[in-house]
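The following block contains the structure, expressed as structure tokens.
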Amino acid sequence: MPRRSIVVIAEFSVHPIGSGTSVGRYVKTALRAISKIQGLKYQVTPMSTVFEAKDIETILHAVEVSHKALRSMGVKRISSSLRVDERLDKPRTMRDKVVSVQV
Amino acid sequence: MPRRSIVVIAEFSVHPIGSGTSVGRYVKTALRAISKIQGLKYQVTPMSTVFEAKDIETILHAVEVSHKALRSMGVKRISSSLRVDERLDKPRTMRDKVVSVQV
Amino acid sequence: MPRRSIVVIAEFSVHPIGSGTSVGRYVKTALRAISKIQGLKYQVTPMSTVFEAKDIETILHAVEVSHKALRSMGVKRISSSLRVDERLDKPRTMRDKVVSVQV
Amino acid sequence: MPRRSIVVIAEFSVHPIGSGTSVGRYVKTALRAISKIQGLKYQVTPMSTVFEAKDIETILHAVEVSHKALRSMGVKRISSSLRVDERLDKPRTMRDKVVSVQV
């Protein structure tokens, strides 16, 4: 019996290197592509986009789609960063995680 | 004339390794310590804490204080992650960064 | 004509949370799974594993395979971190990148 | 009695955003500044620089010095990434960490 994750939460950030200091339009294009992914919830923060999905494949698909979006805009070098938190013991939504650490 | 940063925004995450799967109380203790730092604004997201300060020294001080907080709780191994975005060309607050990428 | 990446280099790290402070055997199992991926070169550093591939899909597959390896070992929570550097302007191998910054 | 870390290992990466796609000379300048820090061992990998020190303060000082080095070169935006592994239970050098996961 294969174990299955209950929920996967991740944070992702992507930007071009060498396409000016203002990268907002690239991030926007990536977000537009991401917003079409089935089964993916997301939330924008000042430093990255937080993802929530039932499995890691959906999260990784969002990374793939973001790189594709930037490639299609003609950028020459893409830097991205992903941090994943996969839980198999109990469900935890994006909202739960913020509430649980409220001081 | 030394160049100075206008604003530094960063995201930071810290957790113990080998102290159970629920790490909320450790994050809370770190946040309580961070909340006392002068000149540091912060905002909790599901995956990390976003910092805003006038200089990188203040951001790095928050990292130091967080590790100290976890050490004082008796954890045996600490893992942390910091991503920094330092701008010298124009001011950008945490709020601006979210607005600039709204789809 | 779709643009294609020339080379993708990435660094990846994965560990369980709440399965003790020594996580070497989990990392080993992930590496063993990764070593079977076609078209993926890798190199272990003290903090992560560096990947080199022709496309980002191969890199993301290695992330998927690593999480699967840790799930199969019964861990309850998995934390991972990936940083990607995708170049479309010129080829750069893992080795080139180290040589280019030699002081 | 305050707890003290036995060894801190970290990986750090820094690059300018909007200063071209080739960032080797910026990384070199940062490394030259880092190499003068007392008590800091470092090792260059294709994606980052691995640090080893007795305490986190030394690691954070290297981050500060790197940002300062890039500011002095006139870059307009700096992006950096740091992952820290602080152990309080047993000593582990950079070399030990690689050996422990050899497949």
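First chain written, first letter: the chains are A, B, C and D, and each begins at residue 1.
The rule is short, and it goes like this: a residue touches a chain if its C-beta (ideal position, glycine included) is under 8 Å from a C-beta of that chain, and two chains touch if they have at least 3 such contacts.
Every value quoted in this text rests on a predicted model; they were computed, and no experiment measured them.
Chain centres here are C-alpha means, and the one lying farthest from subunit B is C. Between subunit C and subunit D the centroid-to-centroid distance comes to 19 Å (mean Cα coordinates, whole Å).
Subunit C has its Cα centroid 17 Å from the Cα centroid of subunit A.
Along subunit C, residues 21, 76-77, 79, 81, 83, 85, 87, 89 each make contact with two or more other chains.
Judged by the touch criterion defined above, the protein chains are all mutually in contact, each touching every other.
Interface of subunit C with subunit D (complex): residues 9-11, 13, 21, 24, 27-28, 31-32, 35, 43-48, 50, 52, 81, 83, 85, 87, 89, 94-95, 97-98, 100-103. Residues of subunit C that touch subunit A in their complex: 2-5, 56-57, 60, 63-64, 67, 71-72, 74-89. Across the interface of their complex, subunit B is touched by residues 15, 17-23, 76-77, 79, 81 of subunit C.
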